[in-house]
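Read through the structures below before going on.
Here come two complexes built around chain A, the first alongside chain B, the second alongside chain C.
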Partner chain A sequence: MTAAAVVSPVDDEAVGESGRARSIAGHVVLTLLSVACVFPIYWLYATSLRAPEDVYSLSVLPWPLSLENYADAFAKTDMVGMLVNTTVMAVLTALGQLLVALLAAYAFAAWRFRFQKLLYLMFVGTWLVPFQVTMLPNYVLLSRLDLLDTLAGVIIPTLCSAMGVLLLRQHLMGFPKELLDAARMDGRSSWGILWTVVVPTLRPVLAALGILLAITAWNEYFWPALVLRRGNDVVQLGLRSFMGTEGNDWGPLMATAGLTCLPVFLLYLVLQRHIVNAFVRSGLK
Partner chain B sequence: MTTAGAFVEVELVRPRVVAAGPAARPVWWRRLLRALPPYLYLTPALVLLVVWTYRPLAQTFQLSFHSWNLLPTSPITEVGFDNYTRLLDTPDLGAALWRTLVVILGMLPFTLVIPVLVGLLSRRVRGRAGAVYRAMVFAPMLVAPVAGAAVWQWLLDPTAGVVDKVVGSPINWLHEAGPAQIAIIVITGWHIVGFAVLVVSAGLTGINPDYAAAAGVDGASRAQVTRWITLPLLSPTMAFLVLMTVLLSAQWTFPLIDTLTQGGPSGSTTNIYYLLWDYGFHSYDAGLGAAAGVLFFVGFVVLASGLVLLSDRLSHHDD
Partner chain C sequence: MSRIHLQGLTRRFGGVTAVDDIWLDVADGEFLVLLGPSGCGKSTLLRMIAGLLAPTDGRVLLDEADITHLPARERDLAIVFQSYALYPHLSVARNIGFPLRARRWSRDEIQAKVAEVAAVLDLSELVARKPKELSGGQRQRVALARALVRDPGAFLMDEPLSNLDAKLRSSTRAEISGLHRRLGATVVYVTHDQVEAMTMATRIVLLDKGRLEQVGTPEEVYDRPESTFVAGFLGSPPMNLLTAEVVPDGDALRVRAADLDLPLGITADTPPRPVALGVRPEHLRLTTPDAAGIRGVVRTVENLGSEEVAHCVVGDERLCLRGARPLGLHAGDPVHLTAAPENLHLFDPGSGRRLAWQPVPSFSHHPPPLPHPAPSPI
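And then the complex of A and B:
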């Protein structure tokens, strides 16, 4: 915000006509991009809310509104069960990833130890290992552990989020050392310090990261598709099987897709700024 | 860097050890105890990392010299470099690499060109309007890839889809080779463009405005300021976006390819990731899949380190 004020000498020297034109150009560009980005989402919900005989209509507003497609979607798939499963999966994944990442980040930030650099690089290095390169051995291991077709098989292999570790480490590095030292002087154990000093201070960051991780887990397709071979236990897979079998039944398909995205969008409406910041700060998963 | 804080402590203690003689074991014990906590905190993450990332990486390497059809009962036989020669003999790999390159190049407009242009043009849009734009542009990022695939399948439907109605010609987007590749790129771009725009605008806000102001005082035009000050200072952000595009593009396209085209029509959207998947889980040729994975991983590492070195050299840091 202050940047906007200070930049004035250059930007506003010729203010008035050209400055306003520039601002209008900005609005035009952003409007175009926004419409392009939002239109498919709008069309998804518009189609899903049309009456079955109007599905092919091109009118911009879906009218008369009808929930028949949704009723159809609920009748054809076990939507409720899938939503519950997916919620459980996403929440457990996010909580587990948060805990594992918090402990690891705490180690990196609060101590100096042998092999620290090397161990840190091991986390960074995961960016270079594409999922598709490790999927075969992981699949075999899961089948040996008898975890195929279970939610545990989906969750456990993803529990170490390198992104979470790196992000939390970065935040913890900026944590005032005096605070940690003071707590140590008080004779508190490192475990006690973690939960009474670090976690309370870090709460906003943990919340943002947790939401980000939960959304990512919710939207994950590849790994669940591999592990849950037969079942349609999570919404992404249910949606895919719907696409395969009834590709042209657009109304119910859009209703299912709409329901798949709905929880994430509701979360987004409430926590918009935090979610955007969490994504941008994290780079990308 | 790697010398532990604990070692200072040990040096202080040592004289007492010498004096106490037989008490050496407790001191050794205390030393271990003091050095232990960071490793304990790291253990869960490290175990997971080793079990689910580095062990399979090593195993893929090993598997690439064997032949196996994924059945637990069937034997795994050693075949030397057979998988590699087989891989290099098929035209699949080269074609898939080429298509991966096409996808990466096709993604750059969405991850670099549009975001930088929009970022530069919309620097003045702030406040509430800015927040609304940001929220809308970012929304596709939150759409699950499968749901995105479903909507776009509907939008691109040759008989009733909006896109063909607007274009005015019945292109069967997902069942013709060229259009299918374009569709995959555009849908992926749609998912990611908002994210890239936000990264660029975050980068732009991070640039110290004093430079532009100083150049303005010296009589630089706006275009000159953009070309010689803003863009160079933005180069770390742009390098990050390019690196991200190169490393992740093909991965982003995967769920779309799997749900929309299954690599077809006639292989025209099979990029390297889909090929790996195909070898492993459709052809049940684990060795061939592993060999392709190894080649790909090595190429990936070389490419990524090259890019990091390059971006370090090209980036102008604002120190």
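And then the complex of A and C:
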């Protein structure tokens, strides 16, 4: 978007020489920013593809290529099991959060009830409470419920996503009210309207939010680390096996990290339009 | 088909009274138009009938049954919205069938009924499309079909034509009128467009600031406006309203102002009384300078094609004159106008209510009263 605006010839003509200078400056800044964003990721994959003895090499191109680090990573950890576990965790978390957010947002947007504002503020306020504050009580509760070291223990306490509620409520506030009224006149109950009108209409938004939540869940490290303790059930924790007190085993660590990022990148490549759309629509940009 | 009775229906939003104590009976098979300017409470009233909005006060009866507290989906009413409110994710056929699915009809029954209604509204070719692939007029017909498919007791329509262009609007108007005649359905129709009201209504309800101003057939509200609001709302241009005074002259009454002197055609004697004189632009006729009448100056002349409208000033008030083209008037011309007594309307300048002449019985010892508000004809 920004780049397109900068190079548009109309802009150049309208503002003349100073406009061209500004356009060049814009490109320089954008290029620098892009490099700053992309380079660490490039370096991660480059390192993972070097032969184990070249891991500390500073050459920009990894040569000769080697998959030894990946073989090492698969040998030392249950990589497939971790990837499956992580996928299950991310998908269940996202679906659960989506359901809770949908119901809460629908109530806040389509209904009028007592203490609505207060409840909404409290809901959103949980977003402001740092994770470190709720971490210990949640941990204690999980241990009482005997859910430590289980995926359920990772998923259940995170089911309410304040961000999800906030975003969906925003969308639902903009939902044409006459559509809800029409469905009421056509004989649907409030519950029926949610599933036959609201959800199908909001499908793109729900899909995008779901992806966002899944990615967030996928990338989570600290909470799974806490609940799963010494177990390496999810891939983010598998990374720990290559970090030691005597130094890190960089090759397989990078390979694992590379594999960890891969599903997210693939998801992004396939659904890029939806994800960008979700951010644009939510007004978050 | 059904009758609807509104009894003292009122709705307040905080300090604003959007609908104020409306009493109204809608007869079976009637095409009732709620007409009024923007913000007068038409939609609020309709939404209360539909059950989409709870009234602050009053009752809604459908065929004598009190439905005030019945949820919208249990009322036997269908509504067509200004925005059409089609379900964007469903095809035309599924949009039309939606109310039937909600009522758990069988698949075959729904298919048959949808096909029947689609044929009536000339939508058969479009049933597979999504709403966004339709033109405005087609969307409007789908919305109509979705209301029709349920065979409801009554139809409620909230400005269903206002998103259409002028040509489509007049053809759809005829279509809805035809549908109403064929089905004999009860319709409550909201609009702020007086042409729609005049052409479609069996009765018109004029609303102003949430209050009921007048109820009557199109002819009644046009020919005998009960208030200056109704007089100034209907007609294009609307009725001219001039400040004047009713004075006795010999044994007859005349209406007079600085540049105005017209006979009222009433034989009576009464002390002078200030009034608002109403006269429709099409009822003004040009006359000779020496005759009694209205003296003004032409400001502009508008060409409407078959007719012309001359905008004049009389003293410091405006006055419009409408007649077949050419009127033979030009900006700056002095004009002398007159109108027949039966085309003069008198209103109370304070309350704005219509004044009617009511002769006092001859045995009275009181002097004949002023013309005063009364429902009886002059």
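Throughout what follows, the second predicted complex is superposed on the first by the 254 of 285 C-alpha atoms of A that agree within 3 Å, B and C clash if a C-alpha of one lies under 4 Å from a C-alpha of the other, contacts with A are read in each partner's own complex, and residues count from 1 in each chain.
Here, a residue touches a chain if its C-beta (ideal position, glycine included) is under 8 Å from a C-beta of that chain, and two chains touch if they have at least 3 such contacts.
Nothing here was measured: the structure is a model prediction, and the numbers come from that model.
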| item | value |
| --- | --- |
| Clash-or-fit label for the pair chain B, chain C on chain A | fit |
| First (chain B), second (chain C), both or neither touched by A:241 | neither |
| Winner by number of chain A residues touched, once chain B and chain C are compared | B |
| First, second, both or neither for A:123, with chain B first and chain C second | first |
| Touching partner for A:264 - first (chain B), second (chain C), both, neither | first |
| Partner chain(s) touched by A:178 [first = chain B, second = chain C, both, neither] | second |
| Minimal inter-chain CA distance - chain C and chain B, angstrom | 5 |
| Chain C-contacting residues of chain A that also contact chain B | none |
| Chain B contact footprint on chain A (complex, rising order) | 1, 3-4, 6-7, 9-11, 13, 19, 22-23, 25-27, 29-31, 33-34, 36-38, 40-41, 43-44, 47, 56, 58, 99-101, 103-104, 106-108, 110-117, 119, 122-123, 126-138, 140-141, 143, 156-160, 162, 165, 190, 215, 218-219, 221-222, 225-226, 235-236, 239-240, 242-243, 247, 250, 253-254, 256-258, 260-261, 264-265, 268, 272-273, 275-276, 279-280, 283-284 |
| Residue ranges of chain B touching chain A (in the complex, touch as defined) | 1-6, 35, 37-42, 44-46, 48-49, 51-57, 59-60, 63, 70, 72, 114, 117-118, 121-126, 129, 131, 133-155, 157, 160, 162, 165, 190, 193-195, 197-199, 202, 205, 209-210, 212-213, 215-217, 222, 225, 240, 244, 247-248, 251, 254-255, 258-259, 273, 276-277, 280-281, 286, 289-290, 293-294, 296-297, 300-301, 304 |
| Partner chain C, residues of chain A touching it in the complex | 176, 178-179, 181-189, 192, 196-197, 200-201, 203 |
| Of all residues in chain C, those that touch chain A in their complex | 47, 50-52, 71-73, 77-79, 81-83, 85, 87-90, 98-99, 102-103, 146, 150 |
